[in-house]
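Listed next: structures, encoded as structure tokens.
What follows is chain A paired twice: with chain B in the first complex and chain C in the second.
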Partner chain A sequence: MKIFTRHVSRELAAYFDGELMRPTAAKVERHIGQCALCQAEYQQVQRGMAMVEQLPSVVAPDEIWQSIDVTLNAEPREKQIWQWALAATAVLVLVGIAYWRAGLGSGAQWDVVRLDGRPVVGAKYISGTGKIAPGEWMETDSSSRAGIKIGDIGSVEVEPNTRVRVVTAKPGEHRLALARGEIRAKISAPPRLFFVDTAAGTAVDLGCEYSLDTDENGTGLLRVTKGWVSFQWKGLESLVPAGASCHIRSRIGPGIPYFDDAPEALKQALAQGGDAALSTILGESRIRDTLTLWHLLSRVNPNERERVYDRIAALTPVPAGVSREQALRLDQETLKHWKEELAWTW
Partner chain B sequence: MIPGSWEMENGRKILHAPSHSLVAHLSDREINAAIIEACRQGDRDAFRALYDIYKDQVYSISLYFFHGDQAAASDVTQHVFLKLMTGIGRFRGDAEFSTWLYRLVVNACMDAARRRKPAAEISDRHLEMFAAPDSQEEAYARRQMASSVRAGVSALPPKFRIAVLLRHFEDLSYEQMAKILGCSMGTVASRLSRGHKILAERLKGLME
Partner chain C sequence: MLRLGLAASAAALLVVAEGFTFTIGSPVASQEFQMKSAAFVFRTEGCVEPAKAQIGGTAEGLVKGTRRSVVLKVATGARPGVYAVYQNWPAEGDWVVNLKGTCANASAGAVVPIGPKGFIRESSKFYSRPATDAEVETSLKTLAQGGNK
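Up next, the complex of A and B:
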């Protein structure tokens, strides 16, 4: 009864929609009857609901299904191509051997374009457009920028003071090695077709746009603006969604990802580490920051893990199929399932 | 009867499916069993039936969420159904299908909203471009009302906006909405209360 001495603004929509349990609804009703403020707010909520009723359903244009149909139809054609390719294995093997002998075993050449200054591919300056082959380096100075077309799946902008090499240029694997500097990738393709190796690990595209910078020692930052990127190093993985970033370091791999709009105190605590930092991270985290907390689960000691679990559970309901015991044991299936559920808030 | 619309019958939600579909009068859970299994096996007709049932709700929510931006709404609708088709093998069937579907919608909308520039948030010009098909035949006052409400909904913060649109276009319980939005039922109630209250305050005088 005591709780309903306060106003009931939060419950008004639920009361109108019949979503409150009978005793709670009765208390809200009594409060509205006695409180002029809540009575006025209740009328406002009802008016707002009546206004929304004016919004008609809109028929989806036919073009949407046509686009879906085209995309779905593309898949069987790909399967046919693969079947054909398998049937021609013997020929391909011979061609492959010839390619390897010619030094082109890592795929085709990609188009490059000068954006600013005088970027270099191999020993050649790029004045307009050019090509870059597997094994070749592209280098930009402080006033140069360039673009690389990544096969048919996207493009990469190479920022100033960057040194990057094409490792593989095949339909099933597009791979760069970033020695230093910064690249900005825009990839529109199924996941795991585009990779960027650094001294700290490998950025694996999961269908995305992102920037990645690193110094020669492998210290840098991954910042994702669209989709997802997985950064991997020796079995350690950080999943970074749009709007989030992740520090990388050589021999340490990917750090704990965090949303760029996370509280500053949380971000500073992540950079510092330690017991005090964990308290700050837990205290400052919002529902969305379960991205950070989920990654922390498997990287802290068992005592700290309990605190991390409790904080996630306090921020958002633990879904069916996730138990405290399994989560604290770092059961991979449990963590994966929990991540999929939490990801709706990321 | 509008294809894809819902009706309550003996306390159970009944779906009015498109006339050419084989899914007439199936409950949401029955859709899980019958249609989803067919979709899992790559049955394109089943997927088309599923699309026909939900497309207008998904498109409408996206359209009003993105301030009448038809391109953005089409992108979200296409993205949601492609994701649904490619991921349907992972749907475990332990939740209502609509919960899963609208999670995809909310995720796509919120993700896209985060990427959009603030300047694109409100555009009355866009809103004028997607008047309902029968709006020309309606009275001037009614058109004005609908137009004002669209603008008002568009101006709501994204989390309030999506909650208000989900409540309006889908007959979902607060429990389902909580699962879809990844928050508690109390938060759903709060967002709906505040969202509708803000709307009424901004459009004060419209319905008096």
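Up next, the complex of A and C:
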């Protein structure tokens, strides 16, 4: 099987505009799904194009057209061509700069500090403190660590062997792209202001402290120590509270969260999956493991869903406002209410 | 008629008094990001007007053989009846949190041991009245002797 490994930066704009032939577009789509780097770049292209589309159109003053007419009539033909070529080049350069700024220049710079070794921002080593701007990469080797101040909402420690990029640095959106390695985030802000994109999906801060590691293929682990993190991928969401973890995988997204102190047999069964695994999970679950069971409700088939519901109901009383029928139908309000009640046991 | 009304009111109060209690949970249960650093959170149950409940308590400790008592720092949540307890007692020694509350004419109490990894749910005691001094001392002694999970 031929593996499509080349980065697709050059094709992203054409892919966005739907100008690629179908086989090439499929390759680009597949690559974006697997490559955090290109996924982040594609998101920048999307944002840049959205910004360009929002730019107001301005009518050129009549004097400009008059002067162009005068010039065209006065100059010899060959000179006119050169002037048009120069003007076109200038326009292209300006559009290019605007496009680059729209795509890469998303917000302010953040402070960075060296914690160990020789972390790199862009092509520069950080010896003490420095800055990182949207679009720039930070990279640490096996003996380097660094800190990034995330605006005024928190900080991120970048662990060894990590490659991470600042995507957006605005008051309403603080976004990193983690290509590989590990980060530890401490955020003190209302939910949904800090995001970390990976090849397996996006970690959405809900007011929390957590660590997130991933390899270049998007396989990794989210571990939450305070508050909540929502990990999302194509409509699939795992809500991970303090004391719990969740495996992530490319093209699969977030796994089922589990508490770190859950029985080993439950954790192994979660990793294995399958019918036999479900029996083990249900049998091994404690009251607190309703975190895992609640997530399973919406990820198993209807028959298995009944077993999961019955196990939760056996572990802890079903609260008022939650009916078996609504829960099995995956009524979103019912599940949300149930989760909030179950959280008192987590 | 007046007697009937009084009897009905008394019955209603009795129902409230029987149902008023505390539920404790980890900070994530509050669903409020501001409470993520609390030692634990709790909510009132069986209180018709939770916003009017009177809530307070103390942390009772045993530090190097000496009994200590610290008035609790309790924060009110955005949702009525949800509170957060922040650690304002010393890290040294053994401590239990003694919660007290009133709602209308009903009372509730809870004694929550604090272990090295945080509050100990399994060893917490809940009452439909404030805990007695003896109950607090027993819980503290059990904690100090390593009798809690």
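By definition in this document, the second predicted complex is superposed on the first by the 241 of 346 C-alpha atoms of A that agree within 3 Å, B and C clash if a C-alpha of one lies under 4 Å from a C-alpha of the other, contacts with A are read in each partner's own complex, and residues count from 1 in each chain.
The rule is short, and it goes like this: a contact is a pair of C-beta atoms (placed from the backbone, for glycine too) under 8 Å apart; a residue touches a chain by one contact, two chains touch by 3 or more.
Please read all numbers here as calculations on a predicted model, not as lab measurements.
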Partner chain in contact with A:Pro191 - chain B first, chain C second, else both or neither: second
Touching partner for A:Cys208 - first (chain B), second (chain C), both, neither: second
Greater chain A contact set [chain C / chain B]: B
Which of chain B and chain C A:Gly253 touches, first, second, both or neither: neither
Contacts of A:Gly151 with chain B and chain C, given as first, second, both or neither: neither
Partner chain(s) touched by A:Ala14 [first = chain B, second = chain C, both, neither]: first
First, second, both or neither for A:Pro317, with chain B first and chain C second: first
Touching partner for A:Lys226 - first (chain B), second (chain C), both, neither: both
First, second, both or neither for A:Gly218, with chain B first and chain C second: neither
Shared chain A contacts, counted only where both chain B and chain C touch the same residue: 226, 242-243, 343-345
Chain A - residues contacting chain C, complex: 189-191, 206-209, 226-228, 241-243, 340, 343-346
For the chain C and chain A complex, residues of the former touching the latter: 23-29, 31-34, 36-37, 43
Footprint of chain B on chain A - complex, ascending: 9-14, 17, 19, 41, 44-61, 63-65, 67-68, 71-72, 225-226, 242-243, 287, 316-317, 320-321, 341-345
Chain B residues within the chain A interface of the complex: 2, 44, 47-48, 51, 55-60, 63-64, 70, 74, 77-78, 81-82, 85, 94, 103, 106-107, 111, 114-115, 130, 132-135, 142, 145-146, 149-150, 152-153, 164, 167-169, 173-174, 178, 180-186, 188-190, 192-201, 203, 206-207
